[in-house]
Amino acid sequence: TQLSHVDETGRARMVNVSDKPHQRRRAVATGVLLCQPATLRALRKNALPKGDVLTVAQIAGIHAAKRTADLIPLCHPLALTHVAVEFRVRRDRIEITCTAETTGPTGVEMEALTGVSVAALTLYDMCKAVDRTMRIDQIRLLEKTKA
Amino acid sequence: TQLSHVDETGRARMVNVSDKPHQRRRAVATGVLLCQPATLRALRKNALPKGDVLTVAQIAGIHAAKRTADLIPLCHPLALTHVAVEFRVRRDRIEITCTAETTGPTGVEMEALTGVSVAALTLYDMCKAVDRTMRIDQIRLLEKTKA
Amino acid sequence: TQLSHVDETGRARMVNVSDKPHQRRRAVATGVLLCQPATLRALRKNALPKGDVLTVAQIAGIHAAKRTADLIPLCHPLALTHVAVEFRVRRDRIEITCTAETTGPTGVEMEALTGVSVAALTLYDMCKAVDRTMRIDQIRLLEKTKA
Amino acid sequence: TQLSHVDETGRARMVNVSDKPHQRRRAVATGVLLCQPATLRALRKNALPKGDVLTVAQIAGIHAAKRTADLIPLCHPLALTHVAVEFRVRRDRIEITCTAETTGPTGVEMEALTGVSVAALTLYDMCKAVDRTMRIDQIRLLEKTKA
Amino acid sequence: TQLSHVDETGRARMVNVSDKPHQRRRAVATGVLLCQPATLRALRKNALPKGDVLTVAQIAGIHAAKRTADLIPLCHPLALTHVAVEFRVRRDRIEITCTAETTGPTGVEMEALTGVSVAALTLYDMCKAVDRTMRIDQIRLLEKTKA
Amino acid sequence: TQLSHVDETGRARMVNVSDKPHQRRRAVATGVLLCQPATLRALRKNALPKGDVLTVAQIAGIHAAKRTADLIPLCHPLALTHVAVEFRVRRDRIEITCTAETTGPTGVEMEALTGVSVAALTLYDMCKAVDRTMRIDQIRLLEKTKA
């Protein structure tokens, strides 16, 4: 068991990816915002006709994924070639999925997880005036591939 | 039921806080990173003697809280007067708490929630090489006060 | 005739607002994106049902207005209390209006103008695959008040 | 007619450029700041001896071009290999040209247009104390090539 | 002897300034870039007629001072009301001075020091092709006042 | 003698690296923070057991190195593949070393120097309550290689 970001003396470090090959990489992450059913009914009634609330969260998630290396201290900067943020509105939750892709020396799971997290925070922000019980939950990696 | 960030035509909007009084405001948010117990034993053994992994996550959380308005599209910019990020390492999880304070026209719950989320993402990043099962969970507001 | 940002020796400078009173300030700016009518018919047909294209531009404009002092070198940082970006889709143009408000020592016209400019650039970006003739035009201040 | 940033259901999206070849790309954009002739005489008299006002705007334009992907939500991050911002001071206007270059999977017209826009806003900011009639106009793409 | 940013258990922390009065605050910092005399002769000959090199460094220093809280992890965000960066070109060095002002709950010495540092780095960048011996030196606080 | 960032007319410019080959590049920079010996004894006693003060400065230095092109106006954006920031605490000084690596068209000395500078500023910030005599000194390039 070896923590890649901790050296032999216990100090945090950035992993050196200078010798890693550039490969096409993709990651998918997911998470949920748990809400009161009444909140989602309000969202559907007022906002979904124009999709605005979800679009705001989608844009915030894409924006955050692009700047992951500026948020997570030991992440490497990467030029993402694709980011998608998608939502499913259920009875008592909004499911969020973020897909990130690049061609580079290191994987993009942190980019996908950051996209999900900031999209969830943005949904929370827009619904917080009507719902004090919300919870962001189950943020995890679904898939990570390289080719 | 009225979504504050959605106007009468269903368009997203920023709430106008121009007429709100400046008050001292404080919010506390919490969340957890669920891990394999072996991950946390590794963290304790390699990293906790110097506290590095937790310090990196603490700094990332404070940094993200300070720039919340740059991450969440409809949040108002606020000059935080205090941010604290704290951790408790349990058997199978790290509990994260973030406290944010300001004197201003609007509350700081998004700042506290953003601090928790980015601290959790940073812990995830540093442990991901040894643990593919981690999950960020239960991010929620604990307390919100003004005076 | 005196350029406020140029000192007596011709060097650029930031205006010192340390002694200016905090007042409530508001500015409204406007501009247009000129397009082919066919582009706007496509926008109406594909996108307006969900309002997505306009919402993306609205969010980009609000985001840019909030970070004006990070884009315009001699602008003072200001905590905006309100930003609104609105659109009117005409036959051959999209009219953009941005309103910014704060309580502070200096006006917010640059924030309003920056919001219009970045909203226009974002519309341009989303329509550029179908229209190579677009032009961003007539960006100007409509109104500036303090109280 | 197909808007590249709108999917078949009308939702905004980022174009996936993962499969596009890396090519050398270049774009040139232009725009003008319309002013009172007296403003430009003041600029010439006070500032042009040292070129400060134009240099400040040039630096702001280059800086903004480099961070285009952080301003325009659906733009891909790109490592620019060159940005140039140039001015011609006419009787009643300053003409602004921005050239951007990269080697990458997607074009750089948004970078060039963003450079022009922020350079124009910066000129506006520095002249606004003496001229309330200014207008930013005719921002458009002049040229876009790949090789 | 008590380090303000370290709590009783040795953990780093942000100082809580929620209870501090808003006062007018000012700080002045200084530093030098040591160069070969030939470098400064080249700077004088090519660049000083237009002042461009110094203006670029001035703008970079002002920009960095405004975003100090985004660079220094435990700094509080502050809305600066003034920043000035000035230079004196000597035989073998450029002396840099940065003045920062605000009205707020905490001092602005880090803003002044950050302005000096980034102005020095920018000068270094622009001269590095002709001088491999440069050194940034003697960055220190000259003055700190509140009223 | 030719300043690369100044064109034949004395205007600042960004160097065009569009035709430069992508090579592996590495740079090492160094600098010191001079302190009172009592400050470093306090640091050792309160903080070093957990290494917190140094870790905060290390993270700030890595973060700043990653965003060098956003701080230094004429620097090209580069995706760093490695950044390391290290410290040696002497009797009256902390020595700081930053190593940066990339594969790209231009060198990374500014990234290494920026990492040192911001790490030094962060140490200064955390010690400033107990020591008004500190000075940041001797920031210079130690080594620059390409392969």
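Chains: A, B, C, D, E and F, in written order; residue numbering restarts at 1 for each.
Here is the rule we go by: a contact is a pair of C-beta atoms (placed from the backbone, for glycine too) under 8 Å apart; a residue touches a chain by one contact, two chains touch by 3 or more.
This structure is a prediction, so every number in the text was calculated from the model and none was measured.
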Shared touching partners of subunit B and subunit C are A, E
The pair out of A-B and A-C sharing more C-beta contacts is A-B
Among the listed pairs D-E, B-E or E-F, choose the one whose interface is a repeat of B-C, with over half of the contact pairs the same by residue number.
B-E
Measuring centre to centre with CA averages, how many angstrom lie between subunit A and subunit F?
30
For subunit A and subunit E, let me know how many angstrom lie between their CA-based centres, rounded off.
36
Got the subunit D residues that touch at least 2 other chains?
11-12, 50-52, 55-56, 59-60, 63, 73-74, 79
Once you draw an edge for every pair of touching chains, what topology comes out, line, ring, star, complete or other?
other
Return all touching chain pairs.
A-B, A-C, A-D, A-F, B-C, B-E, B-F, C-D, C-E, D-E, D-F, E-F
Could you pull out which subunit A residues touch subunit C in their complex?
50-52, 55-56, 59-60, 63
Per the contact definition, I'd like the list of subunit D residues that touch subunit F in the complex.
24, 51, 55, 58-59, 62-63, 66-67, 79-84, 101-103
Mind pulling up the subunit C residues that touch subunit E in the complex?
11-18, 20, 69-70, 73-74, 76-79, 104-105
Subunit E to subunit F touching residues, read off their complex
1-6, 9-12, 31, 38-39, 41-43, 46-47, 49-50, 52-53, 55-56, 59-60, 63-64, 71-75, 109-110, 113-114, 117-118, 120-122, 124-130, 132, 134-141
